[in-house]
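Below, each structure is written out as structure tokens.
One chain, chain A, links the two complexes that follow: it is found with chain B in the first and with chain C in the second.
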Partner chain A sequence: MKEVTLREFATREERRKSSLFKAFSVGGFLGPYAICFALFFVFPLVFGVVMALCSFDGKTMFPSEFVGFANFEAVFTNPVLAKDFWGSVWNTLRFALIIVPLSILLPLGLALLINIKPPGYKFFRACIYLPGIFPLTATGLILLKMFDYHYGFFNAFFGLTLDWFGETWSAWLLIGYFCLWCGIGGNFIILCAGLENVDKSLYEAADVDGCGAFSRFLHVTLPGIKDQLFLCLFTTFIGYMNLYGQVYILASNTPDQDAMKSAIYRIQDMLLGSSKGYGYAAAMGICLGIIIIFISVIELIVTKERKGGHAHEERFVSWQKSR
Partner chain B sequence: MKNGLFRGKRAAKALAFVALLLVSALMLLPIVWGVFGSFRDYNDFSLYPGSFFPSDFDAFTLDGYIALFSKTEYIPNAANDWYPIWNWLLNSLIVSLRGSLLYLLVASLAAYAFVFLDFKYSDKIFVFLIATMTIPGVISTAPQLLNMNLLGFYKNLMGLIAPSMGGVYGVFLIRQFFLGIPKDLIENARMDGASNFKIYWKIVLPLGKSALFVQGLFGFMGAWNDVQWAQLIVGSADRSLWTLAYGLKVISDNSEAYESITLSLASAVIAMIPIFIVYLVAQRSIIEGVAHAGVKR
Partner chain C sequence: MEKKKLIPLLALAAVLSSCGPTGTTTESSFDPLDEGDLVRDEAGNIVYDGVELKMWSVTTGDDASTQDAIIAGFNDLYEGQIHVTTTHTSRYDLETLLNTTMQFDRPNAPDLLFNHGSRAAEYRERGWLLPVENYFGKAETPLDKDDFVPSLLNAVTLDGSLYGLPMDVHSAMVVMRVDILEKNGYEIPTNYEELVAICDDAPKKAANNQLWIRGENSEGYAADEWRLASTASPYAAFPISYGDMWVHEFVGYTAAVQNGATLVDEEGMPAWNSDETAKGLQLLRDWIFPSATSYNKSALSLDYGSSYDVGNAPLLAGTAMFKLQGPWAYMNEMADFDRLLRNDGGADNITTRSLSGLFTRDDSEASSLIKGEGHAIMMMAPEKFSLTKACAATVFMDYMAYYSGIEWAKRGHLPAAISVSNSSAFKADPAYEEYIQYWGQPEDYVVVPPTVNYTYIDTYFKNALQQTLSSSYQNQTVKAILEDQYEDCVSYIELYA
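Moving on, here comes the complex of A and B:
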């Protein structure tokens, strides 16, 4: 009898000690990351809301007074601020609308070529991914010099006299070229991997059924890489809503700055200036964040799988069975 | 019939080969031009701007690199404008290496806790972490700047390292890999009386090498290439505190004069070399890492 209680006691004690020990080790392993996450992710996020509700006196970097929604009001109604910010948001959106489809279709085409597996395809894959790994300032600097008005290779070679970075439209054109040149690598590799993983037997089945190349692409390939296409759509869109580096490098000397600034560029300008603008910058950040979330949700709804067809099919099968 | 199909396939391969050759050439063209340009005398640029390569052998020069790495006056009218490129290289290396290694340590410890220490609510906490990835980063740009100031990291290289420490994606990636490690292995080691830290250090880390390597590569490249955050944190500090990627922007701003073209292309090449070496060594891991992120989700 006594022995049993001792054993019970011992196991209970052991368990208690081990659970304490466990909590300790969980703390030890998770602790450093938990601190970092709280300090560098959660805190700024919460503090951002506080900042957006405060005004700054321009003397220190810290909020001086609580002003409620005045900053948001200014972002929407202040003639200069609202025009600058929403103009830049419009610039960004317009650009994203053009560049996002291109940044998915172009790599898709290239990935299809890679998937044919011509000799040396691994080398080509590495070449196409290459420009994107370099600092944007380095590749951008090369573009700046290549398209230089006086001494650039491009103008001289093709006999043009176009000031590429002086005109708004040509500057945006070059920014688009820059984004494609250095930005499609990731999508390209993801789509290559997606194509690689499409079930080969489906292609054979399509061949047996006498599918043409186009209908095979439409009915086998596209559904097979659906997940990768959606992933590319979301990440690319969010990436280009955050457009900054490319514009900053190529177009910071373009005369019509209002037509060149992206939304992040405006916020960055605010943050580089006097701290008086910090409250506005935080409010603009929240506005832009909400826009990004809003459009992402729309994308999610539009691209969501339509279960309708399958549901009807299933019900039809069960209805047939029940007859 | 079969022969015809075979021939069709061969034609498709040949066509794809030609198309990819053209695209690859287009992708590499500006880089090749830039690399050759960095060795080309600036007078040659102004005399023969339409020539892709230096127009003759005498036009080759190392002046751009010499001017970049020494305090030699290169551009006659901008004598005061020298670039502390050694500092920039060192700063970029410190930020990229220290940042990626520190994050690997922190993130792999956390991933170990999520996978091998089944504590209460671990799944829920992890789902919460994943959910936070959908919050747009723009919202925290401004407050993060003040946060860095609060911690004394403003105008300090630590300010470039710290923000990436809170990242979720690395924990997610490393956790995915750790999930593939057989649980029996860990249990056996526990039975033999190995402590958690010993298991982490001696078993899990060596097994998870490839995932850590990929995450480390992305961390390194991200930090090396960053311009936006560097501009905010060290852009208003002394030049010697800048990183190479940010310094390049200032070189390009100062390079309106045609004499500076060789120097600025040389600086671009210097900034690309370390990343290019990383790519040469780890090209397969990088491409597989990106592909993995897209397929196994």
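Moving on, here comes the complex of A and C:
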């Protein structure tokens, strides 16, 4: 048997205990999150991909046969599936293109006003955020009643005869209003926090340089809250590409359903009846995900900070040499 | 292969291996000689000793209370032998609950399901149902199939086997303001032409300041005080809205079948893209948007557009003479009028009629038909089959079909068993005399024939109906709308086939 000195034994024991402690620490802190992450993110993601590659027999929620990319092929080539899905994607994209800028500009304007800190600004700040905490269904039902064609308060008050939820354009208008009403609170809080953190000395310097209010906003405020603006842009865009609840509540009774269906709503429709549509629904979900990733990457490239690298330094050196 | 790449692939392979049929369907094949867990006494009768049956029911609200009272009667009668416990779930949640339970938690699945018979074909395709007829024989529970309304029995008969016992049938009905009709010299209409005659004449009278009305108002009149209808807005006697569930669940289909349409063909495919359906839906379109060629010259209803409901206001106010309603709400309706016109007849100021003959000008056999929806009790395929439970279930089904008659009918559910609806006990009840008799014979009711494509057939028909009644689709013919929706419907069914 190999002889071990007391020092060696003590060191080894210490190392063993230390490794065990580290393992338990990591496991204890990371474990619960890792389990939830695996269960509720990794598994659905992987299973979603598997579903997209399988067919379903309508009897169970489990896939019955591996069909490769047949579901994706159907999403692109089957006339009714392609018409319905890509039509709904187009509806969603058009809506997102309008609502995303509004969902950033409106809270930005409000945040700028609140940032002036007028009397009672805390009350107004709370009021602006408040609609976001009401349940979507409750707000939707109030809107349905308010804008009802026959008994609605809005038509009665203004003497209008417009069927707000009967016409496609007005239904989308109200969905947009609904989204803004409920959705601007989050972006507003993020932008308020961003404005609070803009270095005040920069404003002083801008004043000294003779900047006007607009120049200050353009050259100090906007660059100062750039990170928050990008965060809002990405999360809002992704959020509205997944639009569902607002359309479901307000436009389920609009006669032209093809013009009202958002992409997620259409995917949800595929789950009607039995499980036979699950494979197509999963394939549609993945296609939508890819579209969102693609547009987000374009956004990322467009909004990426252009750093000069050593260009400025090199130009300065060459200028110095030229003197 | 690198270890890093191998791990996700293995994970994917593990998930893929979950593909394939994993359901635990236990639809047993019936062996007449097998006695299973049955216990018999000396006389050879089955001994039911504390058999517990669990039933899920689609009924809620007042219907649920009535059903609980009926089932309590059964439990008292069979105390110590068979006991049925009922859980009520709305139809909006029931499908999800069934899906989850039958696939992942079958030990906790119900033994019986009280749901619409039209769902049987889809449930059976998923392997959730047991054929019931053999167990009636085994339990020696009498079953006379000829005693049930054919359309209702047909809905739960799949490939020649009975997958449930029909209990009842219901549809929407019409509530009529008798007081206003009489005051203005009108008779209670019994068919479409009589109805249109009233609805065409009433607006003319109203425009000439000659139409008497009474009811709730904000003009300072007492509710029972007669006054002349306002000339400021057109009078529409029979308001309907395409968002109204009575219209999209019952009236649209009824208009189609009364004009001779078939809803589903023998292959279980939609058959509503026909001239007959177009004729029925055109009549409904004219109801709101009369034209030079329509039979009615005045609008029977204002255009309620996308409004979900016409509401109670027009009938209570007397600004309408007719209203669609669910028969289970008629008792509430009577209570409302007892309160509103308590000094002058109360509920006697209203009456009710079925939809029979109200949506066609034809005088054919089909004109009396009403599209209905029937409940049936179905036997679920359990994880562990018990013959005693299956036999006990037939005793319960028999009780529900034959002994819940009048109480259940008061809630608008006419008995599926013809002998019950024809019985003197049924007809002797004051409720029958007062209103149930006006909802017609159960034989007049037709339900959608069994099809595994029910969800699609129903969804796309309703889309067509909604577009027909919408002002924004007036430039399209009803036939074109039907064709458009039919094509999409068939495309989806074929995609899944």
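The criterion applied here is as follows: the second predicted complex is superposed on the first by the 293 of 323 C-alpha atoms of A that agree within 3 Å, B and C clash if a C-alpha of one lies under 4 Å from a C-alpha of the other, contacts with A are read in each partner's own complex, and residues count from 1 in each chain.
One rule holds for everything that comes next: a residue touches a chain if its C-beta (ideal position, glycine included) is under 8 Å from a C-beta of that chain, and two chains touch if they have at least 3 such contacts.
Since this is a predicted model, take the numbers as computed values, not measurements.
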| item | value |
| --- | --- |
| Side-by-side fit of chain B and chain C on chain A, or clash | clash |
| First, second, both or neither for A:A74, with chain B first and chain C second | second |
| Touched partner set for A:Y33, first chain B, second chain C, both or neither | first |
| First (chain B), second (chain C), both or neither touched by A:F47 | both |
| Touch count on chain A, higher of chain B and chain C | B |
| Partner chain in contact with A:L6 - chain B first, chain C second, else both or neither | neither |
| Touching partner for A:I98 - first (chain B), second (chain C), both, neither | neither |
| Partner chain in contact with A:L144 - chain B first, chain C second, else both or neither | both |
| Which of chain B and chain C A:G166 touches, first, second, both or neither | second |
| Chain B versus chain C as contact partner of A:V317, first or second or both or neither | neither |
| Chain B collision site on chain C, chosen from 75-83, 93-101, 471-479 or 489-497, when both complexes are overlaid on chain A | 93-101 |
| Set of chain A residues, in rising order, touched by both chain B and chain C | 47, 50, 61-62, 144, 148, 150-151, 253, 272 |
| For the chain A and chain B complex, residues of the former touching the latter | 22-23, 25-26, 28-30, 32-34, 36-45, 47-48, 50-51, 61-62, 110, 113-114, 116-121, 123-131, 133-146, 148, 150-153, 155-157, 181, 185-186, 189-194, 196-197, 227-228, 231-232, 238, 241-242, 244-245, 248-249, 252-253, 264, 267-268, 270-272, 278, 281-282, 285-286, 288-289, 292-293, 296 |
| Residues of chain B touching chain A in the complex | 12-14, 16-17, 19-21, 23-24, 27-28, 30-31, 33-34, 37, 45-46, 48-50, 52, 105-107, 109-110, 112-114, 117, 119, 129, 132, 134-147, 149, 151, 154, 162-168, 171, 196-197, 200, 221, 224-225, 227-228, 231-232, 235-236, 244-246, 248-249, 251-253, 255, 258, 261, 264-265, 267-269, 271-272, 275-276, 278-279, 283, 286-287, 290-295, 297 |
| Contacting residues of chain C [partner chain A, same complex] | 11-12, 15-16, 18-23, 25, 99, 103, 122, 125-127, 242-243, 302-308, 311, 313, 452, 454-456, 459, 463, 466-467, 470-473, 487-488, 491-492, 495-496 |
| Of chain A, residues touching chain C in the complex | 46-47, 49-50, 54, 57-66, 74, 78-81, 84, 144, 148-151, 163-168, 253-257, 272-274, 276-277, 280 |
